[in-house]
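We just call them A, B, C, D and E in the order they show up, numbering each chain from 1.
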Amino acid sequence: MILPIDLIVLLLVIISAFAAITVKDLLSASLMLGAYSFLLCLLWTVMGAVDVAFTEATVGAGVSTVFCVAAIFHTTRRTKD
Amino acid sequence: MTFFDGDSSLISNLPAIVVTLPLFASLIAGFLGWKNRKAPYPIAAVALFLTFISSVVLMIQVMSTGVAIEYRMAGWAAPVGIVYVIDHLSALVILLITSIAFVNFIANKSNIDTVFRNKAGAFNSLYLLFTAGLLGMTATGDAFNLYVLMEIASLSGYALIGLGSNRAPLSTLNYLFLGTIGATFYLLGVGYIYIATGSLNMADIASIMPKILDSSMILFAFIICMVGLLIKMAIFPLHGWLPNAYSESANVAAGLIAPLTTKVTIYIMIRICLTLFTPQYTFDYLNTSDLMVWLAIGTIIFGSLSALAQKDYKRMLTYIIIAEVGYMVGGFFLGNRIGVSGAILHIVNDAAMTLALFMAAGIFMWKTGEESQESLKGMFAKMPFTMAGFTVAALSVVGVPPTCGFFSKWYLISGGIAAGQYFFVAALIFSSLVNAILFFRIFEIAHFEPFKDHHHHSSNHSNKGEEASAHDTHEQTIKEAPLGMLIPFMAVSILLVVLGLYSGQIVNNIINFAIPSSIL
Amino acid sequence: MDIVSLIAAKANYWTYVILLMVGLYAMVAKNNLVKKIVGMVIFQTAVILFYVSIGYKKGGTLPIIMHGHDHGHGVESVIKAADYINPLPHVLMLTAIVVGVATLGVALALAIKVYQEYGTLEEDEIRKQIELKG
Amino acid sequence: MSIETVLSIKPVLAVLVSLLAIPGIISSRSQNIREAWTFAAAGIKLLLVVSMLPIILDGKTINYTLVQVFPDVGISFRVDALGMLFALVASSLWIVTSLYSVGYMRSLDEHSQTRYFAFFAVAISATIGVAFSANLLTLYLFYEILSLATYPLVTHHQDKEARSSGRKYLLYILGGSIGLALPAMLITYHFTGTLDFAPHGVMAGHINSGLAMLLSMMFLFGFAKVGIMPMHSWLPAAMVAPTPVSALLHAVAVVKVGAFSVVRVMTGIIGTGVLADFNINGIICAIASITIVVASLIALSQDELKRRLAFSTIGQLSYIILGVALLSKSGMTGGILHIAMHAFGKITLFFCAGAIFCATGIKYISKMKGIGRRMPITMTAFLIGSLSVIGFPPCGGFISKWHLVLGTIESGSLIFLIVLLLSSFLNAAYFFPVFYNAFFCSADEVLFEDRVEEAPLWCVVPLVITASISILLFFYPQPFLNLASLAVQTIMGV
Amino acid sequence: MKILGTITILLCGGLLIFFTSDFPDFGDPKSPASIHLSPYFIEHTLEDTAVPNIVTSVLADYRSYDTMFETTVILTAGLACFLLLRIPTKEVTRRYYLHEPTGVTLRFDGDRYPKGSNVFKRIDSNWVPYDIIINFTCRLLIHFIQIFALYVVAHGHYSPGGGFQGGVVIGASIILFAISSNLRASIKRLGEKAAAIFTATGVFIYAGTGALCMVIGEHFLNYSFLAPLLGTDRIMARSHGIFIVEIGVAVAVMAVMIWIYYNLSSAGKQDEGL
């Protein structure tokens, strides 16, 4: 594991997490969530947890995001916060 | 004991069977639900009955051998694999879960038919999965396995609760958030324990505990596990999710989830404190008693007072559940043998009482179609048997001998006196009095006010005595609930008295063995 | 302990705390139900980060035994625990991820139900509607 | 002194027999079958109780434990002289009251009679249970059952008045028992480790004076059925009940259960030694005396006959407490004896009040002018009953009062002697206007013509029986007197 | 609520940060977590199960019981979504049809929509014409994705991946198909009923294997007792047993992902959707 990469990814993870909860559009929020999951997946690859990374990539970044988008498709993108 | 020797492989696999039987049945019910809408119900009923029988056998086995049964999943021994540990305490709670799940399922057939008409397969599967989850939580000796099973129980619980009144989805979503926070905190706590000990098996961790008593990570693990579990059991400042979630759900779901979820969570708390953190750490080293007992006092008083403010019967029950959680948490953290026995006994008794009260709620709903207390007018004359059972259940909650509620309260109060926690004693007595007021308010409505026919409002009745007796004479036709609902309900009410009379035996023969000897 | 090694030693743990708090904040303080669900996902993944960080071992490699399939099971003398990353937390987290997506699915289903009932996902607007209905 | 004990299931049967009759009562198709069940149960119960009498008079006790609930404490029964006396009173009066109930309920054509008889049976079971309980837990159990079983009886009319009275009734009774008696019991258990009634109490040596005082007060006020002031006001309120209920329950069973419980706890749990050592008995005596005098004074001002009787009851109950708390031999005998004597006297009075109401619909004393000429039998019985309550020979009440007076002298407390005499005078004062109105005033309403028109036979026969027993007890008080002195012997250890 | 949330997270966060100071350093090989239990797994996986991927061996053998319930959690989620959302298709009354010769879109209420017509084509209510390029590319990709998924399932023993990951990938490929063409086309190929039955079958394969071990051997999920059935020694039997349950997991997970997607994307109508 290379420390700078780890730190950079950690920073990106935090930024995307903040973005996911602050952005004023639910569709963007769920896509940010996908990005967040993908970055986590990267982080875990860096840390050697390949199985977890694989799962996170398929589930977190893939299917979860689709679920969120599907749900938003049937509700609304509007949000006040 | 030829019975046990005769078919040893079946009997020795009982801990696995008791949990996987509902699982298999839920799969089969899920299968057949697509073919035939009527098939899942009998399958689920038979499976629940068989589970109940096996839990009885398990209980007998534990009591006759007197030692805990350890079952190795996948054949791996304790710290490496996952083991199930059935001791007196878990056998008791397993018996409780299976019997309540079975009785509630039998009693609410008509409710299932009306509410879950098109989705019988899915409903029955989820009901069984919920039961399996709770059973697994109770039986497991592995801290992480507990989390997985907790999630099964929670997820199926959300689904069962979510299909109630119009408001149910929102309150269920709130329940889901709180439940997830609680479960995740628990998971986090397990992580801290894992950091400090490197193990996930409860007994293994307990054997490492004496070496690391002053580790701050263990302290934090304790705190965060407790917070997680306290959220899940709805103790006072963290109770917000419970009343809405339970009162807005369908009767069959409320009848299963309300008696069991909080009680099993309390069992988990007791299990974690005794088996994982060891009583030495919980009571002697940390000295958590005072804090937790005050929390419990707050819960009791808050729950009782809120219950007073409710007009709706089921909502009132939910606040009583919250108050009762305070009884058990407080009783356990008194830290002496009497208090802990009282808490464990109250788990059993309170589950039975809550079941009876929710079954009564189901019958009232069936009768009147409303949930307000006002709808119970004239019930004593209309449904004497139901009301007799309801009275027994209510008196049990109030704590009147010889119903079971009195005896567990007795232990709790004695424990409080022995531990010098007089405020806890006062809170218990206060709550008993409030419960008396609550239920006598209902009795008064049901006793004094004439029965109102909900289908055609003929005229506005006034409450004058002459009219009351006049109504009484021409509306005295008794119309009870159907036998399918009534018989299980009456059985549970009788059980409340039997449990009360045999509470001495339960404490001596089961609970005494369940409490480690280090608790005096 | 100099600052770099301190960061190296603790950065992952700090990050997990920050993510946990971000998720918790969203769950407690946000008004929109889907936002709360997003917070819930972040909250759960923070714990996964925590676990995976526990499992990491300096100098260890992926938890897959090298050349295992060449020798069958006669190589135990060669395998040293210090060479491999702790696999147990990974296993636990696979389960946790699955639980996470399951919870997410149910939560979204409930959110859709709520939207169908009230036509909005904002909690304050829903409350207002409930009060209006009595 | 070793007490020989006999193991027998009879006390349990005596308790259960009326409960077992309930299914019969509920399922009966006709009134006659229903009441046959009631009478059968009452008869068997009396026989069972009487069959145990010789054993008790021999100085033995009967023990039976049903289940063990807590370590050293179970649901267990024990029959001794004190319990026997009470059970004898209660079970014999049940038969009489059942007779009376039949007449009263039928002649007024009351609703829900089945419910009435069913709960009546539960109540009487609980009363016998209290009498035969071997420890405080069992006593508390039956005490609570009695409170709850009498609630539907008190609120039988199901109107607004009944509702508010029922509320008051439960508030005092349940509030007292859950709020005071239960904690007191638990504290006792915590300090002594037992709840069994021992002849000399179990507290000696376990607690200090402050706690003993606190516990005594908690028990005294907690068993609110005894009607010690200020826990008395449920009793007049509960008079809304049908008269047979008032008669058996609120003049005999319920209030006597309260008195009996207090006596039991004072002697069997706290112990006479502790009472005397810490000087608690003086305070109890004082409270009882205040209740006696104040209740009698209030009774003077009541115009409704049943309310007047209710306040009279409150005063008379405190005689029992006073007598026992004097801790002298005669005082205690008098107190215990008063349980029986007052029961027969007071039940006669209530029967009369009910008979008057049945026949004429009158509740108020001021309207009873000339009623003696219309209902001579009833009013004669009333006269006998009130003489017994006042304590005038040749009635049973005289004997208990005699012992009470002796007791005050024995213990050398003149002030209580004065209280007794004063209250007897007051008793006479509040009963006198009734006779005066009944016999010496001319009727001012058309209703009372100069012809005899009694209440139905079912009502008249019981009151004649109880009135005659009241007189009979003056001449032949032996069964009760023997039991009382046996009980005192056990308690005082003489 | 905002203030409450802020206070909560500040308190919790402060506490959590405070406790991190006592953690063993990140990556410390001497921490209790690394020396107590995990060395056993690393050192014995080959001799116990003959599976080099330790995660797989722990997941599907040492802690296989956890994994069984993990699969059950997924099943529960599928059932829960179904129970909560599903509305019978009969209750959906409003439909849109495209008249292909003219390109006119028509709305039909009630039952009076054209059945079996050649000129009318059913479209979604918020219809966007499907892009032919996306459609075609996805169709090409899906097969490769699925083959890759099968590889992931089959090679769980030797490389990262396994039943769960593979199952999700297969599921995702079908979801991709549903997105790129439309939901009805996907449901026509793999209906809801099939998805539900596949789910139950997947869990049943897992739990049934466990029960089979229990019946012929002595412990639930102890694959070594399958040796006589599989015709291998006890260690290889464990390896094969792991493979069997991985297939079960893959089937269950695949089906559930599809099932949940169907329900979420159509809000339970399973008629038209994303």
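Just so we're on the same page, a contact is a pair of C-beta atoms (placed from the backbone, for glycine too) under 8 Å apart; a residue touches a chain by one contact, two chains touch by 3 or more.
Keep in mind it's a predicted model, so treat the numbers as computed, not measured.
K.L.:
Mind listing the chains that sit against chain A and also against chain D?
P.N.:
The common neighbours do not exist; no chain touches both.
K.L.:
Farthest from chain C by Cα centre, which chain is it? Let me know.
P.N.:
The most remote chain is D.
K.L.:
Looking at chain pairs A-E and B-E, which one is connected by more C-beta pairs in contact?
P.N.:
Taking the two pairs in turn, the one with more contacts turns out to be B-E.
K.L.:
Report the chain whose mean Cα position is at the greatest distance from that of chain B.
P.N.:
Of all the other chains, the one whose centre lies farthest from chain B is D.
K.L.:
When the C-alpha atoms of chain A and chain E are each averaged to a single point, how far apart are the two points in Å?
P.N.:
The separation of the two C-alpha centroids amounts to 19 Å.
K.L.:
Just how far, in Å, is the C-alpha centre of chain E from the one of chain B?
P.N.:
Whole-Å distance between the two chain centres: 32.
K.L.:
Centroid from C-alpha atoms only, then distance chain A to chain C, rounded to Å. What do you get?
P.N.:
Taking the average C-alpha coordinate of chain A and of chain C, the gap between them is 11 Å.
K.L.:
Measure off the straight-line distance from the CA centroid of chain B to the CA centroid of chain C, and report it in whole Å.
P.N.:
Chain centres of chain B and chain C, defined by C-alpha means, are spaced 30 Å apart.
K.L.:
Multi-chain contacts only, two chains or more: what residues does chain B have there?
P.N.:
144, 148, 151, 155, 158-159, 162, 169, 194-195, 200
K.L.:
Pull out every residue in chain A that's touching 2 or more other chains.
P.N.:
1, 50-51, 55, 59, 63, 67, 70-71, 74, in rising order.
K.L.:
Where in chain E do residues touch two or more of the other chains?
P.N.:
In chain E, the residues touching two or more other chains are 23, 27, 31, 33-35, 37-38, 41, 53, 55, 59, 63, 66, 70, 73, 76-77, 80, 84, 160, 164, 260, 264, 267.
K.L.:
Report the complete set of touching chain pairs.
P.N.:
A-C, A-E, B-C, B-D, B-E, C-E
K.L.:
Any idea which chain D residues touch chain B in the complex?
P.N.:
Residues of chain D touching chain B: 66-70, 74-75, 111-112, 137, 140-141, 144-145, 148, 151-152, 155, 157-163, 166-167, 170, 174-175, 178-179, 182-183, 186-187, 189-190.
K.L.:
Per the contact definition, I'd like the list of chain B residues that touch chain C in the complex.
P.N.:
144, 147-148, 151, 155, 158-159, 162, 166-167, 169-170, 172-173, 176-177, 180-181, 184, 187-188, 191, 194-195, 200
K.L.:
Where on chain B does chain E make contact in their complex?
P.N.:
So the residues of chain B touching chain E come out as 9, 12-13, 16-17, 20, 23-24, 27, 30-31, 34, 71-76, 79-82, 116, 118-119, 122-123, 125-126, 129, 132, 136, 142, 144-145, 148-149, 151-152, 155-156, 158-160, 162-163, 169, 192, 194-200, 208, 215-217, 220, 223.
K.L.:
If you look only at chain A, which of its residues touch chain C in the complex?
P.N.:
Of all residues in chain A, those touching chain C are 1, 3, 6-7, 10, 13-14, 17-18, 20-21, 26, 29-30, 33, 36-37, 40, 43-44, 47-52, 55-56, 59-60, 63-64, 67-68, 70-72, 74-76, 78-81.
K.L.:
Over in the complex, which chain C residues touch chain B? Could you list them?
P.N.:
Residue positions touching the partner: 20, 24, 27, 33, 36, 40, 43-44, 47, 50-51, 54, 88-89, 92, 95-96, 99, 102-103, 106-107, 110-111, 113-114, 117-118, 126, 130.
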